[in-house]
Amino acid sequence: MKREYCGVFGIYNHPEAARLTYFGLYAQQHRGQESAGIVTWDGKIIREERGMGLVPEVFNERHLGKELKGSIAMGHVRYSTTGASLIRNAQPFLARYKNLHIAIAHNGNLVNTMELRGRLEEEGSIFQTTIDSEVFVHLIVKYMNGNTVEDAVLRACKDVKGAYSLLLLINDKLIALRDPHGIRPLQMGRVGSSHVFASETCAFDLLEAELIRSVEPGEMVVVEGTSVTSYKMDIPPQPTKHCIFELIYFARPDSTVFGETVYTCRKEMGRQMALESHVDADYVMPFPDSGIYSAVGYAQQSGLPYEHAMIRNHYVGRTFIQPSQDMRDFSTRVKINPVKEMIKGKRIVIVDDSIVRGTTIRSRVKKLRELGAREIHFRVSCPPIRFPCFYGIDFSSKGELIAANHTIEEIERFIGLDSLHYISIEGLLKAVKKPDHYCLACFTGEYPIPCEGGGKMCTECGC
Amino acid sequence: MKREYCGVFGIYNHPEAARLTYFGLYAQQHRGQESAGIVTWDGKIIREERGMGLVPEVFNERHLGKELKGSIAMGHVRYSTTGASLIRNAQPFLARYKNLHIAIAHNGNLVNTMELRGRLEEEGSIFQTTIDSEVFVHLIVKYMNGNTVEDAVLRACKDVKGAYSLLLLINDKLIALRDPHGIRPLQMGRVGSSHVFASETCAFDLLEAELIRSVEPGEMVVVEGTSVTSYKMDIPPQPTKHCIFELIYFARPDSTVFGETVYTCRKEMGRQMALESHVDADYVMPFPDSGIYSAVGYAQQSGLPYEHAMIRNHYVGRTFIQPSQDMRDFSTRVKINPVKEMIKGKRIVIVDDSIVRGTTIRSRVKKLRELGAREIHFRVSCPPIRFPCFYGIDFSSKGELIAANHTIEEIERFIGLDSLHYISIEGLLKAVKKPDHYCLACFTGEYPIPCEGGGKMCTECGC
Amino acid sequence: MKREYCGVFGIYNHPEAARLTYFGLYAQQHRGQESAGIVTWDGKIIREERGMGLVPEVFNERHLGKELKGSIAMGHVRYSTTGASLIRNAQPFLARYKNLHIAIAHNGNLVNTMELRGRLEEEGSIFQTTIDSEVFVHLIVKYMNGNTVEDAVLRACKDVKGAYSLLLLINDKLIALRDPHGIRPLQMGRVGSSHVFASETCAFDLLEAELIRSVEPGEMVVVEGTSVTSYKMDIPPQPTKHCIFELIYFARPDSTVFGETVYTCRKEMGRQMALESHVDADYVMPFPDSGIYSAVGYAQQSGLPYEHAMIRNHYVGRTFIQPSQDMRDFSTRVKINPVKEMIKGKRIVIVDDSIVRGTTIRSRVKKLRELGAREIHFRVSCPPIRFPCFYGIDFSSKGELIAANHTIEEIERFIGLDSLHYISIEGLLKAVKKPDHYCLACFTGEYPIPCEGGGKMCTECGC
Amino acid sequence: MKREYCGVFGIYNHPEAARLTYFGLYAQQHRGQESAGIVTWDGKIIREERGMGLVPEVFNERHLGKELKGSIAMGHVRYSTTGASLIRNAQPFLARYKNLHIAIAHNGNLVNTMELRGRLEEEGSIFQTTIDSEVFVHLIVKYMNGNTVEDAVLRACKDVKGAYSLLLLINDKLIALRDPHGIRPLQMGRVGSSHVFASETCAFDLLEAELIRSVEPGEMVVVEGTSVTSYKMDIPPQPTKHCIFELIYFARPDSTVFGETVYTCRKEMGRQMALESHVDADYVMPFPDSGIYSAVGYAQQSGLPYEHAMIRNHYVGRTFIQPSQDMRDFSTRVKINPVKEMIKGKRIVIVDDSIVRGTTIRSRVKKLRELGAREIHFRVSCPPIRFPCFYGIDFSSKGELIAANHTIEEIERFIGLDSLHYISIEGLLKAVKKPDHYCLACFTGEYPIPCEGGGKMCTECGC
């Protein structure tokens, strides 16, 4: 499963704003490894540094200690698959309009970009990038005429549809916005006398910042000088629809999002699976590290011993030289390797958070059979994904999602398992506090916001 | 605890010898991250590529696919702390003597280097490096006069004292040697019609090679053409003295060394600790990843639930920008972060494999207290280290080893624990199959090979 | 004298358009060493690659052979001094408007940017960069409404004032534009069946392209498919005002610009100086390489021998480590070094094309005195610069131009010369074919286009 | 003609010894662009930094300002063609013997390396590299037994045959050695209270050091503390045989070597050619930059005007992307480009210092013909090279030297010239002060030192 979200971080009123933003992004690196960027404002000049790669690859001491001056800063980490000229699309996106400098860092996906863009172009706008954020900025500028910044932003929110948890830096203001459904997370905190915003609380922990609360769905928070002002968007009330994938596998287990401790939710999903599909076995183990927390819960509920018998190689980086053709299943083997003695003659329950194409799991299961495993039972802490997401997660394409095209029995047979169980939607919802606050569209096809022909996955939705 | 060993890998008779060596080193990266090198022989020309850094940083496709020609290859990964000019000391070390090309890759530490070197210099030898391997080569060349390569190597072995598991490539021969005490591991295997050697079996797993056996203490194995010949060194029998640190924390848990499955040993150490020092608590958790396997064993023996409530940040690389002064305990926080909800009001048993200076653990424990932990009990799966090692492990300096200078009670108080327990030597030995085959000098001060004034830590031994 | 111009190159209908553009820029590297960029169009997709540094540092074989697809391409080399975020300002500048992809590469400087920008922002435009090119694109888009691309471009030309020799790539069209005064050069040529454009003919020579003619002042040339169409701008006729600095020192001596062979002009300037200020001496020599061509002319006219007794170090790159404080005049010495034997007891005429602050020449002259030079006469092939340029040359600041603040006698004394002569404006004009076709504003202060408060040097003009 | 020599630099007693060595190498970069190295001694520790590439690529401020400590330093720049593992062969070469640290930097080529090496190996020596310097060090160590360093070095000099101008740093001593024939240059100078050595005086000029004298053929100079001691080698007197190629093209024109000003010699060679082969023509021009100085002399003697009508592109670096196949003669064109107007209808004398394979000149001449040149006469300031050099210059291989296999008439016809003249040996010798002090073996085949089967070009000498 391609994991595409983004992570944002912002800080207001700190002498080392850029440095703290660096660490805020560093802690959220799992939300995007493709590019990173930081923008600062020192009251007069806006400065930026963006680049392809991981946070420590993009920034150096000179950037943080010297160049990125100012006590207001915000940053962005990004993962995406959109073709050429990638650095151009790296965020934050910057623009100038009269005496205003506007920077935007956006997490989420709009569904009416194409339509908005067409309309703006009719009125004479030209575009630099293909990212949603640029459309947002054009709208703000369009409504600026005679209005305050706050009014212009709120007015722009009436036009856009889709998922957005975003930060704006407009001269002396740091503005946080969250769409009316609250699809992506956005946290608000405080460290000393500085206000901070982040996608996940793990960024706050690293900085020893205190979590205040989430930015609410449909809320705009404006920080300026010493004041923090909250605005409600002028939009009819919408049902809250958090993305449940943050809990299943996207957010870090030590984070709190949507008012939930991610670790606890995942452990509870493991428990639910143990209740839904008990099997007699010698032990439970995860495919590390994604399956660890559900496996812990599964072990506790089932009473089976927890083992950690697949060993992850911590030195596997993003790139390594490919082996020759005849080293079959190499990439499967290089990341995690079983402890042979723990496999032979054993009945094993394996827990993980997803099956995408099934081929990797298949070759791992085959290896375990060769080593003498007696029974292999697989438990997946995510219901079968059958529909695409238009709000920011890239399941790559329906074609690749094995569950979209195959029955459980077919998948079980393809992988070569003794049993396969996906957590039920009901079971999954038992693991969260407010079950009706979540978007389940990728399981059910019931989209809270209809596609309007502007999302980039529109070719798949059939609208 | 500085973790200094090295890793070696060799292969005989494979069309892609350099590529397989690359992967053999890749799987053993944990044994040395400072430098890496590969040497190949194509029947006429010896080729080498060495560099500072991780295996994928040192080698590229051009090296493996084009330049490092030949069906015999061997490689080395290294970690060390020896000052300037590091690339010069990177292995394999190469030398030429008449029509012979000699390459050597050494894991371990000799104790009479200084004396041997002095003797050789008296006879006119000059040296390029400060590594033990160069002394070994000089000895071999010295004994070559009128003798076979095999005789010369065996003769050299009579002179050297200390730990060595090493590979030699001398024109068409690949030679594996292990010191009479068998201090460091050295495995022998086979993939197709090729013979392979490695420090650990995890290298064989990655290549789908089959483990044949260990090279025996005091054995020389010579591979040439299709023949494999074993020689016994002409040295009085010595007691086997494996380094128990391979089992405690150095080797990968999925490896087999000294005939032991590392994973099982570590789990058993956890069990022993649970037997030695029971405490009533809410759950057991490791400091990841080093403590995982003992924690699993401890949980199983004690009946307490296993939790994984300290979360490791997988993007923490070797280098990152330092925070400003006032971000206290930053480096502690950046690597692992607790799940807050799991800490508040809980009685926790934490398991890890070592305490070096105690400061890191101290600040972690402090953090857990701030988050509301009710009781914190710490269990260490390694007896207190009180003496330096002269055979290849760098405990940095006695000054840094907290256990060498403090009582358990002092350490407990310093860290701020409710209880602290180090596994006993007896408990540790229950976790291995042949308890009298291990060197315990760093715990007891009883050295199987006396220091002869040539080891680099001689300044500490007082000889 | 800071040497700021830019160089452009474009090609239409060539299977290796990007590669030829690379070489077209390579030959014009002297026109800008700060950044380089290439844009290509393959009928569907516009691709770009831009970066800081020299042409061979920015592009690699993968860019040229694989990524920059398409048979239409254009590129830009740039030198500039405008602060931070330089990569953002690197050209070509790209924009999208409806289904049009617009790329622009601009050489020259507009004088009413600020006013145009203000007007556009009133109408809702937002800006990404601080470069003139972006303003040009906004104007084009603004006039696109219901008009053809050609009409829109011509309409935009009516609004802008200043110097521009520029290339536009708009979907299938390659458009060349030159301002009504013809301030910067722009050449048109042909190689096989491909049309090419370049700032200087040296780019054509490298590609073995044939020079057709200059794009005329006030002309727009549109290449599309197999047709080349010329348009006259709808602007009242303006006097031609070429920048004479192209001939004095900016263009390469093997180029033809403004219908002049640069080499011949420079040699003629040398001749004029020999006529204007004869002196009895042992020989004439240049400060290499800038003074070579005038020195050759001076020697021929005066009958004095030509010597080449200052030797240039060809390995002096852009960066080298600075010496310690006490190595006085190091940077003077490292670039060119005198042949001692040629200096002692000699009466020398030195020829060069400029004196900026005078300090470098002063320390060179001092060195020659120490080596025993009997007389030193200096001849400058450029009249004293007393006024800033608003059309694209950066004389850095009036403060640094020694001739703006000092009499010839003062400069002569400051440098320590036996005689100093600057070519007269009349002498300079004798070296060109059409003396009234040149802008002499930096010598006389008579600006052909008045500053309108929008040029970046406006702070200096006093308007 | 491949240009292989090397350059050395040494300094004794300077607080910034490494930094001055850096600049001493920088000024001598033309003597070797393949690798560079610096070694320093601070009274206790020897430090080194070597790398592939140009001097500014190998060293950074950290090396010079912090790491390379000590008031004694020496360095080496190298060009060579010897295969793989090049960094290993980069100089200075370092060795340790007992309490001595020995560093050596060698310019020249020994002719009995193979024999010496064989003898040393018989006695037990092993070798790290394939460079002559290592043999030299082994000999010194061999003779050290019971002797002073000075005696050992002088004793070693009795064994080696061939060309060597070399520097040794042995603990507190800096030693300069020059072979009895004085084949390569070696200068001695002083800056403040520091002693300096360099291959060429241009290194002294950059540091404002004063030239004292050449190290004499057969002399050893030892600097230690405040004393400088000269020793004569205990070898029967040999005729002085300087390499005349230093004057023809290798040394920098602003240097003094062998007591000759290089610039003056080259100009005189031009004069001699004008006397030897007059031709009526419109002007004389060089192929820049190698032909400049002889062309200046030729013009002065013949009375023809000097022109500089081939323009060199100063941005052509060592690497650039290759053009596609159909851009014939590209590499010829990219480096120097003719000024068209100066060629058409003209009778031109071209001067250069060499013809290697003739293909480059041929394509340049062809281009000049296409541009309308009426007559082209070529003058070469070096007699035809017919024999290989065993003392340090790489003419690549006789096969490539057009003059070794063809008559002048054949070459003239191949290139397409109206006339071709090589300077005569007699003419060449008129350009130097002591004509019988030069080795002319590459023109005549009369070798001052016979090949002893040890030089690397021995395969060509037929011995």
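Which chain is which? They are A, B, C and D, in the order written, and residues in each are numbered from 1.
In this text, a residue touches a chain if its C-beta (ideal position, glycine included) is under 8 Å from a C-beta of that chain, and two chains touch if they have at least 3 such contacts.
A quick map from chain label to UniProt name: A, B, C, D = Amidophosphoribosyltransferase.
The shown structure was predicted, so the numbers you read here are calculated from the model rather than taken from an experiment.
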Worksheet entry | Neighbouring chains shared between subunit C and subunit D, ordered by label | none
Worksheet item: Hey, how far apart are subunit A and subunit D in touch steps, shortest way?
Response: 2
Worksheet, complete the sentence: subunit A and subunit C have mean C-alpha positions lying a whole-number Å distance apart equal to 49
Worksheet item: Centre to centre, by mean C-alpha position, how many angstrom separate subunit A and subunit B?
Response: 38
Worksheet, complete the sentence: Distance between the CA centroids of subunit B and subunit C (whole Å) is 62
Worksheet item: Do you know which subunit C residues sit against two or more other chains?
Response: none
Worksheet item: Among all the chains shown, which pairs meet the touch rule set out at the top?
Response: A-B, A-C, B-D, C-D
Item to complete: Could you please specify the touching residues of subunit B with respect to subunit D in the complex?
Response: 45, 47-48, 67, 84-85, 88, 94-98, 102, 118, 121, 123-128, 137-138, 141-142, 145
Worksheet item: In the complex formed with subunit B, which residues of subunit A make contact?
Response: 16, 19, 22-23, 26-27, 29-30, 33, 54-56, 59-61, 64, 202, 205-208, 252-254, 256, 261, 263-264, 289, 292-293, 296, 299-300, 305-309, 311-315, 317, 319-321, 323-324, 327, 330, 333-334, 337-342
